[in-house]
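Each of the two complexes below includes subunit A, the first together with subunit B, the second together with subunit C.
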Partner chain A sequence: MDKSGKKIRVLVAKPGLDGHDRGARVVARALRDAGFEVIYTGLHQTPEQVAETALQEDVDVVGLSILSGAHMTLVPRIKKLLQDNGMNEVMMIVGGIIPEDDAEKLVSEGYAEQIFTPGDPLDKITGYISNNFK
Partner chain B sequence: MEREKFHHLDDQKRAWEKHAESLEGRKESFVTVSGRPVKMLYTPLDTEKLDYEKDLGFPGSYPYTRGVQGNMYRGRLWTMRQFSGFGDAYDSNRRYRYLLEQGQTGLSVAFDMPTIMGYDSDHERAMGEVGRCGVAIDSLEDMEILFDNIPVDQVTTSMTINGPASILWCMYLANAEKQGVNLKQVGGTIQNDILKEYIAQKSWIFPPEPSIRLITDIFAFAGEHVPRWNTISISGYHIREAGSTAAQELAFTLADGFAYVEAGINAGLDVDSFAPRLSFFFNAHIDFFEEICKYRAARRIWAKRMKERYGAKDERSLKLRFHTQTAGCSLTAKEPENNIIRTTLEALSAVLGGTQSLHTNSMDEVLALPTEKAVKIALRTQQVIACESGVANTIDPLAGSYFIETLTDKLESEAEEYFQRIEDLGGVLAAIDQGFFQQEIADAAYKYQRAVDNEEQVIVGVNRYNSNEPLEIELLKIDPAVEEKQVSRLRKLKEKRDNLAVRQSLDNLVNCASGNDNIIPGILEAVKVYATIGEIVASLKEVFGEYKEKPLF
Partner chain C sequence: MQQLVAELLKGNRRAAARMISHVENDDPLKRMLLTELYPHTGKAYVIGVTGAPGSGKSSLVDCLLQQMRRDGLKIGVIAVDPTSPFSGGAILGDRIRMQDHALDHDIFIRSMGTRGSLGGLSRSTREAIQVLDAFGKDIILIETVGVGQSEVDIVKAADTTVVVLTPAGGDSVQTIKAGIMEIADLFVVNKADLPGAERTTTEINIMLDMKKGDHWRPPVVQTVSVQNKGLDQLWELLQEHRNYMNESGKLETVRLERVKRELTDQVEYLLKNSVWEQVKEEVKLEKLVEEIANRKNDPYSAASELLEKISFFDQKTGKDD
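Now for the complex of A and B:
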């Protein structure tokens, strides 16, 4: 919940072409169990589709799951499209097989607030959103 | 006499049980990685009903529980087949030649996501994905480069491709012909298993009905022209990676297999004309004994059903042959060197389970595509098991173990229960449509993750014995220039080829797809004039449409 008592709305999105949705679906369910309002896009979304759904669903958080190695292309594109839609405040988090160098770059250049990788417990993800949501 | 003996044993067992249960245990319950409870001890009382001839038999004989070949690894070891592909066809060709030089005995091609989804490298949706998690193949030209200086009459090749399997297969065959090889000599495998795409792997293109038609057309064409080709690799691997239990992997994979058999029969094919070329692909997860039992149960279930329900007479139709890959999802990003040990155990279970071919994961695959060094260690793991450990000396060495036989039976009966549930839902396609498999797998995956998070399931270096040291291994990086290079080569090809012939071949293909004739000759004609995968898929989409999933979690 945010400060006004409204449920935090999280979009779990699978951009790109890879079909590995185990992580996205497990995280989506953990977020729901932790009391978030969760919208899951399903697979094979274009960056435009992700940004469009984020806007229509008026979400507070966008969580991208990418396991195809295309994160350096997809994350910045989606971030830009969200900004173009006026969604500057939305919290962007990314999960997947993201090498450390890339993760640092995505965070330091402001494309994502936090990166989660294999081995991170579910509570770390739900906790991060709860603790950092303003 | 027998009865008396068992009575006596039962008394003794009760006495032992009373004593053993009074001792303090490390934890309350002991379960497999699939959450299956395991007893402290198994005795002859558990296998009282085991009938050697009926349930086990001899290797190479019905019901093949002990193996599909008469002399198993004494005749020929399993094929050591490392799955690989990255960058463009030149990069991957170099890796394949390296692996063959290192003693690998078969090739296995990993394609990039655009190829898997049927897009050309210059398509908008391919942006950022070209050559990333496999090799980019747009046309016959790429296939020629990929197999340059690799004799396709001597090396068998497995291709992990499903939605556009028919197209990549035709490219492979066209290249073989250009190398001067008779198609009757060409051996290999296409994964071509669309059902598990809808269920777990989620890389689909067309809806189920036309997809199944493409598959039965491949069965028919191969039966006549490419008799050494394994036309499908019915895959549990991805079902398991998506989070299923061992019993679900076994049941869903075999249910898919039976669905293909029924599709072939419904298409008018004689079961023995295509069933001998069906092959399987299983996961080797970390729970050692459960995996071994899974392979043994799979062989027995397949043989029984093929004989009893589908009336197969050719004994090759009854033999479940399978490839195994160690479990990617069991590997950890933390302390990746430990993955070598996990992979060793998993590979050993596949060998003790009688696999026909094996891929061992490299320690760094949870982080990136493997480096040459990591893939060499993975291959050496198989070679040590094969040549040093002695486990390949005798066939099915764990048979007769009270535990192994009990668990094999248990997995078989659980699979039978699932077959009944699937049948009650209206069959595999109806069950997919209702999200049955997807939900079962999602539930199991969630349960597993919770067990890891609360440390019921220990993962060394992650939730126990975690040293938090920084990562110290080198990772393979894909040059971002690969995409540009691939796109520019594709553009050149589109200029220099005979575009009139391409247009005609695509028009023919649309006509053929709209009718009932076998579609493979039409695809073969199109790839030979260098029509691209994107063009062929787009033409087929005009007739077949596209699959859409209902997203659930």
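Now for the complex of A and C:
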């Protein structure tokens, strides 16, 4: 919950073509256990679907799980669509196999707030979100 | 804020989404917003879909969306999933089955957690219905897990209620909660591709035939939602029930009852809020509790004393703030 007592809503989405969503489900459960409301949409979401879902669900955070290697196209694309929807303030975080250089670039160019990699403990993710809504 | 309502009435999807958040969060602005929306409500037809966890409600809603879109209808979906009582968090996963419709701008899907209080849930569902109604949706589908009283209450907001059952190894009908059985206008035996569907269907029919009297005899329809089977028939029967509700005058009756409930709920809600707000300001509740526990006071006198100091309608919560 944020300071006004409102529930933080997080969209956990898997854009792109990679085949399984075990990781995303584990993260979704961790987020639930940390008190967030998680909207989960399953595999193979297009950037347009992700952005529209974020809009209809009025989420505070969009968490993308990307294992396909297409993060440098998917993340900026989704960020752009969110902005087109007037959702400039939504927090974007990305989890996946993302090389350090790419991660830095995504953050420094303002496409994502934070990048997580498979080695990161789950409470690093939940803690990151909680801290941002304090 | 005025602008939010104007934008919503113009069909702005973000405005509708924001508005539902205000409702869910019990935002102080909510009453003013709902007051402005109210004249634009009352047009949508509300269909509740309830049933055991995993019975196929979301898949059915997905199929129904397809049917309804074929007839050119605009649809709102409210999908309710349980909030974890331990963490207060929730995984709202009903959308997974409906994402093919995510980009259809005539469909608006919103997931809701049951959050804390039961009364609170049925209120925010009802208010979310009003938002989507004013937003111009012709049909509003509500998906809830049919396990308890709270779901039955949510369903009271529906004009037509569909109860979804599955063959489930044959132990089905006996185990259905009595309250759930009574609210059904239509039964779906989903997963009819699994063994036992005929038997389940027969059992429901026998049960329905034993209980006579009502003018509307709920039909039982078999579906296989993952293969889109039986959906033409389900959609036809839904429309039939809607016609029945219209022509028999029953729709008017249940809607009047609903408005009455809304009004009484709202009165109680305002009173309760206003009273507790003042009590919080005025006295040390803990001190009173201690006195009562030590038998220096009793709950009966203490309650009357508390209320003596209170004005029963605090204009602060009124429309002009």
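As a convention for this text, the second predicted complex is superposed on the first by the 133 of 134 C-alpha atoms of A that agree within 3 Å, B and C clash if a C-alpha of one lies under 4 Å from a C-alpha of the other, contacts with A are read in each partner's own complex, and residues count from 1 in each chain.
In the analysis below, a residue touches a chain if its C-beta (ideal position, glycine included) is under 8 Å from a C-beta of that chain, and two chains touch if they have at least 3 such contacts.
Model, not experiment: these values are computed from the prediction.
K.L.:
Does the superposition put A:T41 against subunit B (first), subunit C (second), both, or neither?
P.N.:
So A:T41 meets both subunit B and subunit C here.
K.L.:
Just to be sure I read the superposition right, which of the two partners does A:G127 touch: subunit B = first, subunit C = second, or both, or neither?
P.N.:
It touches nothing on subunit B or subunit C.
K.L.:
Kindly classify A:G86 by the partners it touches after superposition: subunit B alone (first), subunit C alone (second), both, or neither?
P.N.:
second
K.L.:
With both complexes overlaid on chain A, does A:E52 touch subunit B (first), subunit C (second), both or neither?
P.N.:
second
K.L.:
If we overlay the two complexes on their shared chain A, which of subunit B and subunit C does A:A28 touch? Say first, second, both or neither.
P.N.:
both
K.L.:
Could you look at A:G19 and tell me whether it touches subunit B, subunit C, both or neither (first, second, both, neither)?
P.N.:
first
K.L.:
Applying the document's definition of touch, where does A:P118 land relative to subunit B and subunit C: first, second, both, or neither?
P.N.:
Touch status of A:P118: first partner only.
K.L.:
Based on the A-chain superposition described above, do subunit B and subunit C contact any of the same residues on subunit A, and if so which?
P.N.:
28-29, 32, 38, 40-42
K.L.:
Quick one: in the complex, what on subunit C touches subunit A?
P.N.:
Residues 13-14, 17-18, 20-21, 24-25, 83-84, 86-93, 95-96, 99, 102-103, 108-111, 113, 115 of subunit C touch subunit A in their complex.
K.L.:
Would you tell me which residues of subunit A are touching subunit B in their complex?
P.N.:
Within the complex, subunit A contacts subunit B at residues 12, 16-22, 24-26, 28-30, 32, 38, 40-44, 46, 68-70, 72-74, 97, 99-100, 117-119, 121-123.
K.L.:
Residues of subunit A touching subunit C in their complex?
P.N.:
1, 4-7, 28-29, 31-42, 45, 48-49, 52-53, 55-58, 85-87
K.L.:
Tell me, which parts of subunit B touch subunit A in their complex?
P.N.:
Interface residues on subunit B, with respect to subunit A: 113-114, 116-117, 119, 125-129, 132-133, 197, 201-203, 241-243, 329, 332-334, 366-369, 442, 445-446, 449-450, 452-453, 459, 462-463, 471, 475, 478, 549-553.
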